[in-house]
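Some notes on the structure that comes next.
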Amino acid sequence: MQQLLDDIAVRARPLAVEGKVADYIPALARVPADRFALAVRMADGSEHATGDTDMAFSIQSISKLFTLAMAMEWIGDELWERVGREPSGMRFNSLIQLETERGIPRNPFINAGAIVVTDAILARRPMLESSFRTTMRLLAGTERPQYDEEVHRSETETGDLNRAIAYVLKAYGNLREDPMVVTRAYFRACSMAMSARELARAATFLMTPDHDGPFVRGDHAPRLRALMRLCGLYDQSGEFAYRVGLPGKSGVGGGILVVQPGRYTACAWSPPLDRFGNSVAATAALELLAAELG
Amino acid sequence: MQQLLDDIAVRARPLAVEGKVADYIPALARVPADRFALAVRMADGSEHATGDTDMAFSIQSISKLFTLAMAMEWIGDELWERVGREPSGMRFNSLIQLETERGIPRNPFINAGAIVVTDAILARRPMLESSFRTTMRLLAGTERPQYDEEVHRSETETGDLNRAIAYVLKAYGNLREDPMVVTRAYFRACSMAMSARELARAATFLMTPDHDGPFVRGDHAPRLRALMRLCGLYDQSGEFAYRVGLPGKSGVGGGILVVQPGRYTACAWSPPLDRFGNSVAATAALELLAAELG
Amino acid sequence: MQQLLDDIAVRARPLAVEGKVADYIPALARVPADRFALAVRMADGSEHATGDTDMAFSIQSISKLFTLAMAMEWIGDELWERVGREPSGMRFNSLIQLETERGIPRNPFINAGAIVVTDAILARRPMLESSFRTTMRLLAGTERPQYDEEVHRSETETGDLNRAIAYVLKAYGNLREDPMVVTRAYFRACSMAMSARELARAATFLMTPDHDGPFVRGDHAPRLRALMRLCGLYDQSGEFAYRVGLPGKSGVGGGILVVQPGRYTACAWSPPLDRFGNSVAATAALELLAAELG
Amino acid sequence: MQQLLDDIAVRARPLAVEGKVADYIPALARVPADRFALAVRMADGSEHATGDTDMAFSIQSISKLFTLAMAMEWIGDELWERVGREPSGMRFNSLIQLETERGIPRNPFINAGAIVVTDAILARRPMLESSFRTTMRLLAGTERPQYDEEVHRSETETGDLNRAIAYVLKAYGNLREDPMVVTRAYFRACSMAMSARELARAATFLMTPDHDGPFVRGDHAPRLRALMRLCGLYDQSGEFAYRVGLPGKSGVGGGILVVQPGRYTACAWSPPLDRFGNSVAATAALELLAAELG
């Protein structure tokens, strides 16, 4: 297994040159483009990894997967009255569909949907900032996960489009808290920093139907995976499904998390992104991994 | 002339029952639906009026005409780098075009355009609130025009879509001031209360090419009129041009202002609106007036 | 197993009253609303069925799954230069995205995509009409599948929107044959009539990776399934994934086909549709089946 | 006056280098880029001209103005149930709005609208081809206007997007004749060849309210002018109104026709177009003319 991961790293890592590190905020632009990690956690609990496996990176939109899991656990089906479960066919931060569909975001993985999810959680967990960190630490089995203050600050400074989205949601009556409060909490979750190994471990609950973890009921796992398949990789979810074939969730920090139900979870990380916002080398690494592990 | 206006009032006023008073804010919803005014000011300075001619109403979007005139006067052609001069083909508060055209509003009479105009003026006149009131009083030739505090408060409370628009503009780099500050100034101008007679008088500068008024150069008049023709009545500008044939500007307070170059200005007022947001009876009154005066 | 299917029929069949039989063409509107069938074919070749299992119905868009399989087999990867693999987020016959994305349909399961697929096949198999029928008969293992002439005639008479789509494709250079010829061949495939049992059997190649059937390479199966998950049920693919969790393809004739890789294929049929064009009772039946079979 | 026109020609003609001759059909691409004409017809019947005044060019979309005038005359108000009178805010051949507004074109000057107008006329004048030519000859006061067969053939060969538009209209029930028949008639009118002098003369009916011409009632003139102002220059109608200030209608053959009510009509011609499809030098010439004549 170690040999397999090392081989994949040799083949996938050089592809990073085809991508471009996210530069919309300085804190992300500064991450060295040649970082690379691939971590796999098997159903039996064994872990295998290669590269910068323990280096923390900004999880960004991968946080949407975990906040959604929390919302499904803490809120239940009424969540789905406020956010849809269909692919959007548009960029993750588009306002167009939000207007034509009167404030109901297409799914929880586009920004508008994640902001609604954040708002819904805030009603139950006003201290979302510490709840989210505590949960991520429990899932990762370590106290290491923490917020990257610099990323958070940058995010807040450049977050006008997300604030616009929040005000549209408010205008259509689909936001309970103040848009400024909700977007702050949303930016906070995006700024969480974790390593590939920690993310693979934190996603264990998505692999095993009889999971007995700290907070997520086992029957949520297949539904979360269904959503990941449909819209986990922005407007490239179909391409990813076609090439990799596994439910996944990506972030502009360069990480991608996948799950093979009953068998393993894996997280690959490489900062340079393709034009859709997904890591080039991480996608390639997971494609090779999925092909090898069947 | 008085007979003509009275006759028009008799014919147009009953049509108000086909419309519906704006109810998105309580302060507007409370205005009695049967109010009606028609005021005409001729090129020679004579004035004729019928109905509730001296009753002040909320000028709402008619303010966009005056803020644009101020911006053209105080800022000049660089304004047009930030806002277009084409009809939008969409609702006045739509976000769609703003996104597809990357933060450049189609024209200064949709909300996004008026917010950009407000931002541009704020850079030159930080005390826009008092500048605007002073200018409107100068144009109207009376100290009566003032802000309706209740309308302003309501507007501010329900203005989330406009705040969303302002944040989109900010995200695309087309807003210099803070979105909260700009929208507050924008709501302020909308809440100005004036009578039909005062508005007809205030628009004199649009009628006469050699106008020598307090602040607007004569050569701006034909250009303002061209914009009024194209987009002065929201998404019914074409219909209005076809029926009335004069450059006009409407507001959801129920007022409509028109200009016949070199001959007269006129303002009609009746609160109930059609589904496009234009006063039913005021449109009819101006159609009759234009047909009679040729 | 028979007991299971009968139980499912008892529970799902009455839900048909919530739907509405497709009425855009008379030939479809005439199908009795209370028809119902559920057929399952296991990986070992055994078959189980309940209801009107051998009654042929119009497969409509389910044909898109088979024409795509043929195109992947006969044409190869160059097909993907002409059609995408992402969900559309829009109605199956929308022209909007086709224009904004300059003639490249989002995926092969919306009408525009299926028309491109048809055009691509026509270049290799000019006698597509007989090729398609022969292939469907081979896959179904019976000579029964045939075109419903009345459905075809109706389809042709009312197919203006599809002809419009074909002309847009032609205008953007993404159609080689004459739009009239291509749409005729497209309507032809949609008018194929088959029973639930035959469809379940015909889909066997999607179930088994080492399938050795008449025309489709085994490695196409996982990719076809990925596309079915993403866009097999029009703009309800996400909802279907969430509820049923299996790759599927529906048609407005009321049929839905699903695959559980390595285990079984199933086809449910009930004419009344929900507002998205998917059979209400067939969806419910497959949801129950998937829940029972795990 | 002759001096004025010659001066304008000297100043406007060189601007043609900033444009690009329409090349979507070979017959248009072959027209020499340095042709230029400016013709003015005064209310008293006197004519003044400079440049290639008697050279016939393809009138293209200027034909939409005349077919609309015919439809208003021959059909009456029921025409407006099938086509709107608002600016579209989109490209002249866009399909998007047609779909969202269910087959009712925004106005008669975008392609979809002109196709509906053509269809409406065909019901009254099945021999539209000869009716249109006869009318144009009557209006121009000469037998010279005729169809350019080569342009017509090219137009027909490349007209797939217009055929797509016609099929969408048919699908929404807003076309009575066969889409192929209507588009052929539409292409025919576009291929009419006339000189600048002939066009200025043919537009006389738009200038004088008490016009007593061959076919157009005087009271249609102000309404046609209103539409020209709003949407006569595609998606640059606002810009043209701002700069030139006169109702106009342009064509991709490089011609632009304007009217100053009660005073004059003018036609300028120069083949190179800006990116919106309007002649660069013709716009400039008319801007200078309007500024000089007031």
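To keep things simple, chains are lettered A, B, C and D as they appear, and every chain counts its residues starting from 1.
Simple rule for what comes next: a residue touches a chain if its C-beta (ideal position, glycine included) is under 8 Å from a C-beta of that chain, and two chains touch if they have at least 3 such contacts.
A quick note: this is a predicted structure, and the numbers were derived from the prediction, not measured.
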item: Fitting chain A to chain B on CA atoms, where both chains share a sequence, rotation angle to nearest 5 degrees; value: 180
item: Distance-maximising chain from chain D - centres being C-alpha averages; value: A
item: Averaged-CA centre spacing for the pair chain B and chain A, given as whole angstrom; value: 47
item: Euclidean distance of C-alpha centroids - chain B vs chain D, Å; value: 33
item: Inter-chain centre distance, chain B versus chain C - centres from mean C-alpha coordinates, in Å; value: 54
item: Set of chain B residues in contact with two or more other chains; value: none
item: Those chain pairs that satisfy the touch definition; value: A-B, A-C, B-D, C-D
item: Contacting residues of chain A [partner chain B, same complex]; value: 94-96, 98-100, 160-161, 163-168, 170-171, 179
item: Touch list for chain C against partner chain A, complex; value: 84-90, 97, 106-107, 222-223, 226-227, 229-231, 235-239, 241-242, 245
